[in-house]
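When the chains are written out, they are named A, B, C and D in that same order, and each has its own residue count from 1.
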């Protein structure tokens, strides 16, 4: 844990193990927060709120800029990337990119402080001048997933910090170490003690306690639909705000008027990025029949070049799943798919070889002709299985794409203006790409519709989620 | 009820009585919606959503403008005002002003359609152009109170309609008639059938059903803290949005540097407006000691001019409470205050005389020196009791003002810049007035902090509460 | 003239004749303003400024809305349309559409008043709160052209009026009557006397006087490049603002992937709209070689359906040129084109027949294969001559399109995303349409680059052109 | 000169001397640009425009951030401050503060790049989507004064650079050296060659050439009214944009309800800042009669503590005038004031002593009871003469304050809300402070009304002065 500006590991605490998913080895044993520890962390955040919220935007932005400067130093960036790869499994290049993403988010939000202002109204009928003030909420909580822990932390907590809130972070028990390292770096760069605390341990127990604490004013959660909904209900009991990001099963539609090889190669890049463990990645690919075979062929070629291995090796382009549970799910998905008559064209199994035997590896897998009722299409597949189905035309493609409880992202690949328009108008998703997928820019609102979530992260409007509007009327 | 563009009163429906609070007479018997009726109303709204949401802003604004034009016609305005006075009790002048307020809200939101646009982003690093679309949510529900039914309806439903949503309204069983009349007028002015439906009956039963219906995407509720919170929890289970306005106990601080007579007169005007049955009215008045006696004296003079009576008489300046329950609460509040040692300087009882004996009247009441523990200061007093306490300085005044679970409005009366600044910075409220109270302008965000609510109504930003952001990225 | 809320025609004034361009008949004789008259009009505007600028936005918007309401009455709309057709020549349908356009502009700007607010800044480092106020400038001048007099008047003067300025209008001597009628209607609808004055007479003389008057704070001018520049220079001497719209020679690029017949028909509609007398119309059409013949053929078919005649006849789809000078220019353009080897495929001459002999008619003309050096491509052709040239590809099309001193509008017709992108990025114009031309929406900034002008009209930002920013800093 | 990324000093160039105003010594001899040199500099900027404007905002912001980082290094900041003090005369503390101000401006504008986006419009009636693009103009020119050369440079050129324009700077011949050093540092920090060029020499000659060059698209000028107006006229001939800051004669109103000693001390600080050589400083102080003597007394005490001397000495709190001409003007102003019957209560002459004899020093001077017709009140006094007049009330104070051709800044010192309101509403100035003066924040629009200028600098809206709006309409 990290509380009040320093590491906090009570002697009698229960602990849990953090395992390297590439080797099965124990990396570190981490304390599980007791209910008292959580209370202590909340109190520390609450105490730090007043001085932090009283600082000017310029002062807070200066601290965040200093954090960005520190992270840009090769030494720190590399150290964080190695820890992230060790506990999460992703290749070092992806770990570095994730930390660079964090830097981008900090720089983006820090910059926003230049343009912050509120509204002023002259009302001559009421002979009054009015204006709004925006005040920070208090303690904001971030409950993190394990797939992109540092990037998602930055989406949730950088705007919270900039606007003068204090933050309490609960990382996933799969990947708490990079977050703990980050917390130490944040304070080394000048963040005052108590402004950013980390508690580790069971999500369910700690989550409930946080949701019920009156001092906590906002909860940002990224994770499963069920857990998210229950956080939402708890928060509502106490009049708290929530932002929920609850996963996705993005459709990608490939029309017949694009460069198929290029499109296939980008589909492979984005789908197998982070071993397929991403909320936004093309999980259901619908390809126009006339180019279906060509597309599948190009995908298979691309997939054959993926180098599975321990992420710490610079040659590796895809690492293991982050946990044994994830590996098991992939095995079950493939088994069901086979039973349902789908075609397994690549992968589909645990790779052989010594280097794979203790980790949670699974081969990059390509499955086609999956029936609509299959779990591969109805559930969120969080691993390296790409599903490709043919469709006869755009109508069918859009129908299938929207035939899902999820609505996070979707993409359409075409050069035709009218098809693109149908795509962005008709696809039911919080974000629709044309000729791209997965790329998230800090200036763009990110979040889902339907079961995929509640609220948006990123973009300048997201600052309002961490601010309360106060209206002031002056009558003369 | 009003469903699908016409009155709907099933023959076997249970019913409830609407009583004139000035006379105790039955005005009309109204159907109670069965669970099937509610379902029918939701379905009607859901069916109307697609065509309504596909219209342009200009087309929808034209319909709303036509509604405003109809309401401005003296004939309709007067008819609505009379109904409102009959079922709610407020003087005709206040009823007229309420309907004029509705017109102001319609004109304000209709005007907003001129300036609506979303954001466009050029990202040269990603070689992409992106933009946001804002899409209506679907069926929006409004659960109304009885104190200002038509005005609050307009705050909740006009932005919903403008942005392309369809609306389902559940008026209070105390005052459903004006809302039903309005629904008919809306459709007469051109609102398509099903876009605006009204169901009448028990709040608790219908509220739960609405909160649980998947077709309902947003619930706006104005009422008690407990009911609001339980609506919030139900909504969270189904990932719905809510806006809650849950009452207030506004403090008013009177410094020693203002025109005391003028200030006292405005305090009386705003406090006894609507018989004190308003979320925002100066319920707890804190006056600097040095001007306390002068202020109280001026208040008493002003109060002595209030003419209690049936609101239908043009001479009346204050009507009855809207229900027998309200009258009973006032009696209890006064009894407790007496027991607590407070001074009853005016009113404090049911008025005598034939014209008052069947209605729910209560005299305009002024109580001073109320102890902090009194229910008059801790609970929301929804009736004609003004509480005035002396304070030694601004520190004490702000401390007492903030010593409440509520945080809707507050005011400070002073001509000193530094006192004004302390007031608007330190008073814990969603809206702080300087030298004014109660006045709500449609361009200003309205809503409370602490137990007073969740979210804001009015102002251009409120449109976002009825819209979902969709991000579109074009990659070239 | 119209000054101080009433018609003003001094007895000894010089006068000029307004001629019906379809018949050559005198419609009315109008006074030429003397220098004293102009001074009187300025003074009237200056006197009216203070009370008008002190009104609230809501009050001014109410007056403008009433103007819109009056214009919507069939009686007034029709009367204005007939006058416009008589003095300008355009078909009645186009006159009506122009007045409807004026109504649209009024409604748009009136609506904007709902969303007006300025900025409020909290600067904790400086311990200050700051805000901006926006104040109207004073007397604003509009110097109008004769092609769309009422619409351009509305672009220039409605935002001026809404923001609290008073207006002085100098209509073209070709078409002053509709403007004078409008002035009377504006006042009938409630505009206070002096807020909107009209002076008639010589543009050069009156323009210089207006530009030199210290009371005039802004000049909006639509007309020729030379006149505009000289207005700009005069205004700069006196620190005045200007907006200049100085004509255009819009290119239209037709790619090979669109519906050629549909595209040709729209080209004819927009090019021959208002007899080709429009700043924005496709004056230089570049068509991909492979579809060139097909396009020209379709254009000729469409052109053959144009019915030339007196605009007062409902059958007429194109009227005369507005002046004898315009007719003469067309004759010269055609003569030069012939000499330069271009092909005249339709029209090219004054039509025969009694109904044409006294008016300033010219046949709808189609010319192809015009050399780049031709005046038809280098100058602004303000009449019914359509020029169509083949191009080998998009590179050539864009090169030719940009080979002009003008930069008002341009269009590209394609369904290919990448071509569309090249079009909107590379075409040097203030407005680029994809698959449309000429359509101007009040919410979109309108104005040119290069020699086509200075500043933008329409859109919410245009209000700032009529407002001065005042910054206020409160230090505590 | 500095052209194309390097120093440029043609061998045969004419030259001019830069003199240290504290010692009269020659600091350096600088080349005067010939007409060919100016052309070469323009061409270099024009050549650099395309690659610079094609970079993303993030890339350009990164270069500007690097410049800020370099300037923050003590070594560079100190070197620039010493050069500035040497050529301009101001104390080192003020020179350092000026460079820190430049850093603040860079950080402010760099931050703005986070929030940049344009507008997107959906118009269902026209079945179109539209958006705006904002494109840089091309070569932007800055013609600088000598009083705050680097800060004003940053106001004019940092937004120009951020938005993708290239810059050509003409510093004052009194103070060109710091600008030349800055240019070198900018390029050392990564600004590409040609993006920022400096030409030195005669303002009149070079100014006209720049105003007449077609490649120059905008001119920012800070200087005298006459020079500014003539730049404006030249620019108008070529359709260029201008921003003009043309000096001020700010009034400061001291009411009787403030802390007089504190107010007097701040008046002295701001008035004698930079030796009184500032556009915005309290040049005309109007004090309520009842506190006039007390105020003057407190001013005299404060003034007696000013330490005149060479700015390079850390003890100095006020340096010499920047030029002999400035010194001569002060002598003349004092002589006239005496003749007009004003009272010289402090200073009023060249100080005695060896250290002052070769420089352009003038004692800090306090003059009261100056008649309204005096040049001290009608002209811009650019030196250390403070004028204080008594007024009987706020009406008189505002009347006198507004009795000037200038309208840059003004201040009112009061704690009364209603007086403050009268001040900010009625004072005719581009910026009005309450209880402060002179402080300029980069987020606030800065610029004057009346003869004080045209346009505003600073604030996010100022970016639009360097961008051209392009409207794009997509029709489906």
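As a convention for this text, a residue touches a chain if its C-beta (ideal position, glycine included) is under 8 Å from a C-beta of that chain, and two chains touch if they have at least 3 such contacts.
Computed from a predicted structure; not experimentally measured.
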Smallest count of steps, each to a touching chain, taking chain B to chain D: 1
B-C compared against A-C, more contacting pairs: A-C
Far-end chain from chain C, centres as C-alpha averages: A
Centre-to-centre distance between chain B and chain A (centres being mean Cα positions), rounded to whole Å: 39
Length of the line joining the C-alpha centres of chain B and chain C, rounded to whole Å: 47
Averaged-CA centre spacing for the pair chain C and chain A, given as whole angstrom: 51
Touching two or more other chains - residue numbers and ranges from chain D: 117, 121, 123, 129, 132-133, 417-418, 420, 434-435, 443, 474, 476
Residues of chain D touching chain B in the complex: 54-59, 117-125, 129, 131-133, 414-418, 420, 434-435
List of chain D residues in touch with chain C within their complex: 121, 123, 126, 128, 130, 132-133, 229, 232-233, 235-237, 239, 242, 244, 420, 424-425, 429-436, 439, 441, 443-447, 449, 451, 454, 456, 461, 464, 468-476
Residues of chain B defined as touching chain C within the complex: 61, 107-115, 117, 129, 417-418, 421, 443, 460, 474, 476
